[in-house]
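Okay, so chain A shows up in both of these, paired with chain B first and chain C after.
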Partner chain A sequence: MTVAAEFGVLDRTPKELRAQGDARHLSLNEAEWTAIQTHFRALKREPTLAEVETLAQTWSEHCKHKTFTSPIRLTEGKKTRLIKNLFQETIVAATEAARKPWCLSVFEDNAGVVAFGKDWALAFKAETHNHPSALEPYGGAETGVGGVIRDVLGCGLGAKPVLGTDAFCFGRPDYAGALPEGAHHPRRTLRGVVSGVRDYGNRMGIPTAGGGIWFDDDYRLNPLVFVGTVGLLPRWAVKKEVKPGDLIVAAGGRTGRDGLHGATFSSANLAENAPTSAVQIGHAIAEKRLLDALLRARDRRLYRSVTDCGAGGFSSAIGELGAKCGARVRLEAAPLKVAGLAGWEIWLSESQERMVLAVPPKNLKALEAVFAAEGCETAVLGEFTSTGRLVVAHGAESVVDLDMKFLHKGLPKVERAASWTPPPTAKPAGGAAKPPAQILREMLAHPNVCSREWVIRQYDHEVQGGTVIKPLQGVRHDGPGDACVIWPHAAVGDDSDFSAFAVAHGLNPDYGRLDPYWMAMACVDEALRNLTCVGADPARAALLDNFCWASPDDPKQLGALVRAAEGCRDAAKGFGAPFISGKDSLYNQSKDEKGRELPIPGTVLISALAPVPDARRAVTMDFKGPGNALYLVGRTNDELGGSLCHRVLGRCGGEVPKASPACALDGFKAVHAAMLKGLVLSAHDLSEGGLAVAAAEMGFSGEFGARLDLDEVARDPRIYSDETLLFSETPGRLLVEVKPESEGAFLRHFGRGAKAAPVRRVGQTTANPILKVVGLAGNTVLEESLRALKDAWQATLPGMLK
Partner chain B sequence: MSARPMPMATHLIEVRLRPEFSDAEGASALQLLQAEGLSSLKEARVSRLYRIQGPITATQVQQAARDLLCDPITQEHRVVVPVPAPLNGMNFWRVEVWLKPSVHDPVGDTIVSAIADMGLPRPEAARCALVYRLSGRAAKPALERAVARALANPLIHDAVVSEAHP
Partner chain C sequence: MKSPKVLILRAPGTNCELETAAAFRAVGGAPELVHIAELRAGKKRLMDYAILAVPGGFSYGDDVGAGRVLANQIRHALTDLRQFVRLGRPVIGICNGFQALVKAGILPHSNACDQSASFTFNDSGRFEARWVHLRLNTQSSCLFFKGLPEMIELPVAHGEGKLVLRSPRQLEDLKKNKSIALQYVTEDGKLMGYPHNPNGSIFNIAGLTNPEGNVLGLMPHPERFVEIHQHPNWTRQTYRKQAVGLEMFKNAVAAAR
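Up next, the complex of A and B:
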């Protein structure tokens, strides 16, 4: 056997191996090196470079989610417990407990799949592209979008993308402090990332809607770029299989040197010596051709399985497809961008816009014709076998000869230490008191609340013609929507079927600074109440989790991560909403200008997808007329810890908002049932800024005023402060506008038991566009022109980008 | 068929907006450069520069430039002949931002196949650059620094700053 470019492993110490590997950006630890060494000692040969690289890719944090699947010993105060597999015990356990028959494929495929009507299914995936976006915002975001679109394309036998969605965490664009050499200013990151998402989505003709942005200076060196795609596929195309004898066919872009070490590089802290090859520029037009050809071949049932080339390129795509049987690959058949690539480079290159298919030999000719008609290249790279081995050759040279079992199951599990100390419950302290009107103005102008129109207007959210509820709402199409509703009639091809779906997100790292458990709970609650507001069915919601954390090698960070995962579990169980897919991105920390480690705040993004039974019943958040009743659903508690109000006042401490899923879900279901009957004119969720911000946004979007009476608010009886009622961020609450003649019918949807969500008439809409709030003592707490509030809300982002 | 090989050549074509149109891209670039401290810059215009290499003649490249790369209503094109930059007292600048040779250029790829689709000889390679034509006083090192922070990312771009004709 000829072994090229040998990688001396057999007679080195683990420490030497790690040093040797780190120089090549392999990101393997000592225990993993020992496992590789033991395996090859038994084989009595040195591994080839490509074998080591393949193992490093497949075992990387990025691909195998080592932290989430390894045992963790968690110390909480004096108690210690062992978590055998965090992912199984939290996310998967919650989904198994929910046991929903409409979940068609969870955690297995490239995306989660849920049923959509009788004949269709929706594939949903969101992931991050943080490290590349930190280095090159435009290219990083663009290839991130391209990658998640391919995830959906490579889900089942291929889904047609019908919605792109995004969420970002950046440093403030007006950040004035110092930055280390080579780091981009947050303003530039924001511009570049938005342009990248825009260019890829718009060029592929996929509407981009339903996003969010969070600004916090701790993200200045490690921006978070979450991108997601929803795809539509026929039910029959959900299952895929590979049979020995099927041909391995690569389709799409050519293979070049780009993107080498992407997966291993993203599994380490971002350091100065990042490989430039990890950054690429996407080619949206090439991916569009691939998409069109693939879906045509799918409908002619020309292939049996498909997956995308993401991190790890061919090595992980072919390795995954052939995991249960085996594969023989001949790399010299791969079309190349430049001549002279070594075998291991072709095998591991992460060149964009490529997919791998398993094609029965009799269909090859027809498949090639379909792809050629779209100007999309294909090449036969080999065949799937029944040997259980991964055998890769490049001409006469043997590149890889690995046992699939060792590749996929050989990863040694290392126990990790985690610790969690609950934060002391401190009374709110610090900051200066301000009048409520000023707090409200400052909250609306705060970067985390202000208008995102500058971003949204760059995205094409109308293409495909199915965006029923748009990201910007209200009489002037500039109010902040809770979620978007997509009626995929163009993809379904049936204009008499009004089934639609909605997508929303929940994210709030400020709660996580106090307690990641309650942050995760609040995020799930936020995503579901956003869905409820537009008319989606909260009882049919499917969730995606995306954890972004600093280094899990720090027990405190890992402890916080465990807390967040447990919050996700309890929220999913409580709301009966299963997780269907997810992703994690760890090691989001870098050295700042003074050489200190700057970790990001632990962040969970919950993305939720739910069907809207009838697109014609979907609801927007703007007030529809004067004299309508305003109902507040849900109880208000004194929960200002981590709230926007505290941030604006410079105050710390306080109770973190705590979701109570059973009660909240009861309220959501009641509102949804009322919406189906057409009883709800508008609905908006109470999140950052609480009741005051929600009422102001509804008012200035609809250009009608409102008069609220705080004494009517269902509340914890210990609250005596108007400010608390106005600005508290207790989850599970919605503000709903109802016509006076439908009030009785509306209220009949709400239960009366102790566990039912309270619903109270807290005021009414008025013709005069003024927000007036009457306090507990009957005094006027706040009386503000909505025009002035809207001006403040709109001026922030354009002002910061100047 | 004659076996005579076509000569290999490198052509540079610049496509710019006609001067009577206002240039939004240029205005945005000017704003970014001014935010980096170059407040004395007065105007920026953006054009695209294509480097096409392969067995294709100057006339054929002209044809591709006219029919493919240029929108004749709003744009004009010219063949760029490299000449030594005249010194103009630091009042006019030309900034070319190229993707590094190691970075894949999707626009270039598309041009290669589009030229072949026109029935012209298929070029070996094509690359596309953004050109910023700036007027206003600036010192070269300051301009280079601002370009690296606002218009180009040194990780993937090569930026060339030179004094230029007005």
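Up next, the complex of A and C:
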């Protein structure tokens, strides 16, 4: 057997190795190159090109999350401490502390899995596709959706996708400044990304019904595209295993040259010379065929394990499946898009819509028949072995012969330096005061609050017939819902069981600019209060974390990342909500038009999933009638730091909103219990824009007015300002509408202790669609037509996209 | 009572088959998902079924045109479809299924083999999902509409739903033959433009039936309104209406019994 093209490492200095690797977009550092060199010096041979590529893919930030798992030395002021493994000490520790029996699989598989009733389970995963979407917004978003769907298909023995979510961070579509050569305008990025999500999700027949958009010009070069999928699978299909002797079967699309170096390129800063071949090309119908065939084969139990070909293609899929035993692969058996691919290209290609299965030989014929019936190609690429080696051949050529242990455990841990300096708490300063009514109008029209209808309507958010609480709510089906509720009756096959689930998100990089710790806390709080608003059980929430950060090679950035991870840990512990899966995307920074590095603001997206015990008890956010009582749950503090109000006023400083999980959860649980008894007519969370925005949105969605009395708000006694009460963004608060005859029963669900969430009647709904607010001094603070406020809220996005 | 067998036709890219099957099951039908390849290979026979449903989705990716490839497949793999229709057996094509039935020449007249109408992109230029108000043609003999109120609501979700006809005269023919089954209207029943007419369809046409009334094709999705909690306003106390989608499936099953 001949040996494929070699990659000389034995007699080079680490510096040379790194330069040689960077030229191939391998993104390995000097310590990693030295480890590779040492390994092959012991073997007394040069590695092949494919071996080096395989190691680079497997060890990439994208696949191994080495920043999160390597030691970090954090300096905070004069103190320094060592974090051995950030991921273990924050995210995993919180989940272990929560010890929830309904967590069926966490951090191991392609998605996290939680129980859903007695017989079913839900798999949940969110990913980012930032680098590809920056280069090619449509294709990048499409393949992002395709990839996260395959994650769920490749979770356990395969889950049927029943919900898609998407959250984006973009530069403002009306950005008027300069851009470096080759960068897309944020408007084009937005249009392309939305179209990509739409075309892939709609073709797959998966409702895209949850998500959000955040605009900030610091994302203009590095847009963030988070895509998520929830899948439904039977309990028996959660566990998977590979046995030596099982056949390696590739299924789905063919392999081509698209998507080489995707994993490694996304593990470096995005630069001008980024390889365009790194972006894959999606084909939704090929994936739909794969989905249909796979689930049919699953239900006939024809295979023992499955995973998707994501970053690294076959190399990572087969490398992962065979990690504990070994694998022998013959690449010439792989169906190709074009002839003439080199062995390492087939092995590393990230062509889409492909999965790898472990099939007992006796089942092969039946499996092939199932896939053929759906018009989906399969090919036997080899078999799993018990040698502990990954052996890959292409015809007569030996492409890879690696020790699985070295491949998966050989990555050297490099200690990184991090530093964190708490921001000085400055008194709010700057910006001219404006009348409250004007502030409210500008907040509703702000891109981060305004109506997302233009986006949401392009998604088929009701396919599968289970979207019982839709993303757009209210009389005219256009109000901003807090979360969607999915009743997966068609997939379960039982329309007498009304068990459902809800998915919601939390994201606010503006808080992170002040303190990433409190940003992460607020994001978890926001996701849970959104879930609570639609009737999901806040005590049964499972979380996903998606960190998007700039370069961790900068100690300040890494210090902020540690702060955020510790915020996630404390929030998860405080709320008793375990993380079940997550992902990070680092190196989100690029050179701007003047050649300066432009990092994104550190960003955490929290996605939360919780069961809705009875879909028929779910609640929407629109006012249901006049004369109903309005209760504010939670205490209001003077926390306008990073708030939308400050953004609108051009003001900086102030206290960042601080969540208090125990008290907040107490309030959420009380509201949930009241909802189960049918005592809540509508509920909406207070987030950007605080009480004023929440009340306005509930009013114009339900077409009833409200009269609020700020003196009734439970608050920090040091607050003397009506504006603070109206616009503060203290987490943990909900505005709830209750029928007058239910008020007593509603209030009985709330505790009275010092740690209980306060609940106060702050006003009532009115027939006339006007929002009227009475201030602390008994004066009218604002009195605005809800129709006019709604017009302002609706005009922004279509206007910016013209 | 016997359960009529319902053939739910699948093709690559079909994606509303499970909820369509669930709707038929809920009203006493016996749905079976059948891939078009099975019909083409002769493994399954259309005439063994009492009802045919062509569900929504993006058959063959809607490449070339929505439902176009599926329509050709139907012409070749379901050669007994015209006979099936002539025997009076119920046929429903929803969204992509409607597009395919029109492009296969089954609607608006199943006895003329030629395609006489087609679909093009929504006037808005975008895929859109929204609930619409619809007026049923109470004069039509469409068996799916028995007992339904004249004004109903259903969701639409499509990018290529604008019905176009060969000539203005054809519209007159459709009116005369009472082939126009459903029209997009305002809440109070008036014909109006976007967004009430979500795609710009001629004469606000949302659905067509054959003169005999046993074939119905419609862009809206009745299978997404078979339970009151699927309506966008079920949480509002003022809203209490029947799940009209379910009634359509009930009527089909009743007619097949």
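The definition used in the following text is that the second predicted complex is superposed on the first by the 801 of 802 C-alpha atoms of A that agree within 3 Å, B and C clash if a C-alpha of one lies under 4 Å from a C-alpha of the other, contacts with A are read in each partner's own complex, and residues count from 1 in each chain.
Throughout what follows, a contact is a pair of C-beta atoms (placed from the backbone, for glycine too) under 8 Å apart; a residue touches a chain by one contact, two chains touch by 3 or more.
Keep in mind that this is a model prediction, so the values were computed, not measured.
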item	value
Partner chain(s) touched by A:Ala373 [first = chain B, second = chain C, both, neither]	second
Residue contacts on chain A - larger count, chain B or chain C	C
Which of chain B and chain C A:Asp258 touches, first, second, both or neither	first
Contacts of A:Lys802 with chain B and chain C, given as first, second, both or neither	first
First, second, both or neither for A:Lys15, with chain B first and chain C second	neither
Which of chain B and chain C A:Lys84 touches, first, second, both or neither	neither
Which superposed partner A:Ala490 touches (first chain B, second chain C, both, neither)	second
First (chain B), second (chain C), both or neither touched by A:Gly282	first
Partner chain in contact with A:Ala615 - chain B first, chain C second, else both or neither	second
Set of chain A residues, in rising order, touched by both chain B and chain C	283-285, 375
Touching residues on chain A, where the partner in the complex is chain C	198, 202-205, 283-285, 288-289, 292, 373-375, 457-470, 472-473, 475, 477, 487, 489-491, 493, 495, 498, 615-616, 618-620, 622, 624-625, 681-682, 702
Sites on chain C touched by chain A in the complex	10, 12-16, 18-19, 21-22, 26, 35, 37-38, 56-58, 60-62, 126-131, 155, 157, 221, 223-224, 226-227, 229-230, 232-237
Complex contacts: residues of chain A adjacent to chain B	135-136, 138-139, 184-185, 188, 256-258, 276-277, 279-286, 337, 351-352, 375, 802
For the chain B and chain A complex, residues of the former touching the latter	31, 35, 99-100, 102-106, 109-110, 113, 149-150, 153, 155-156
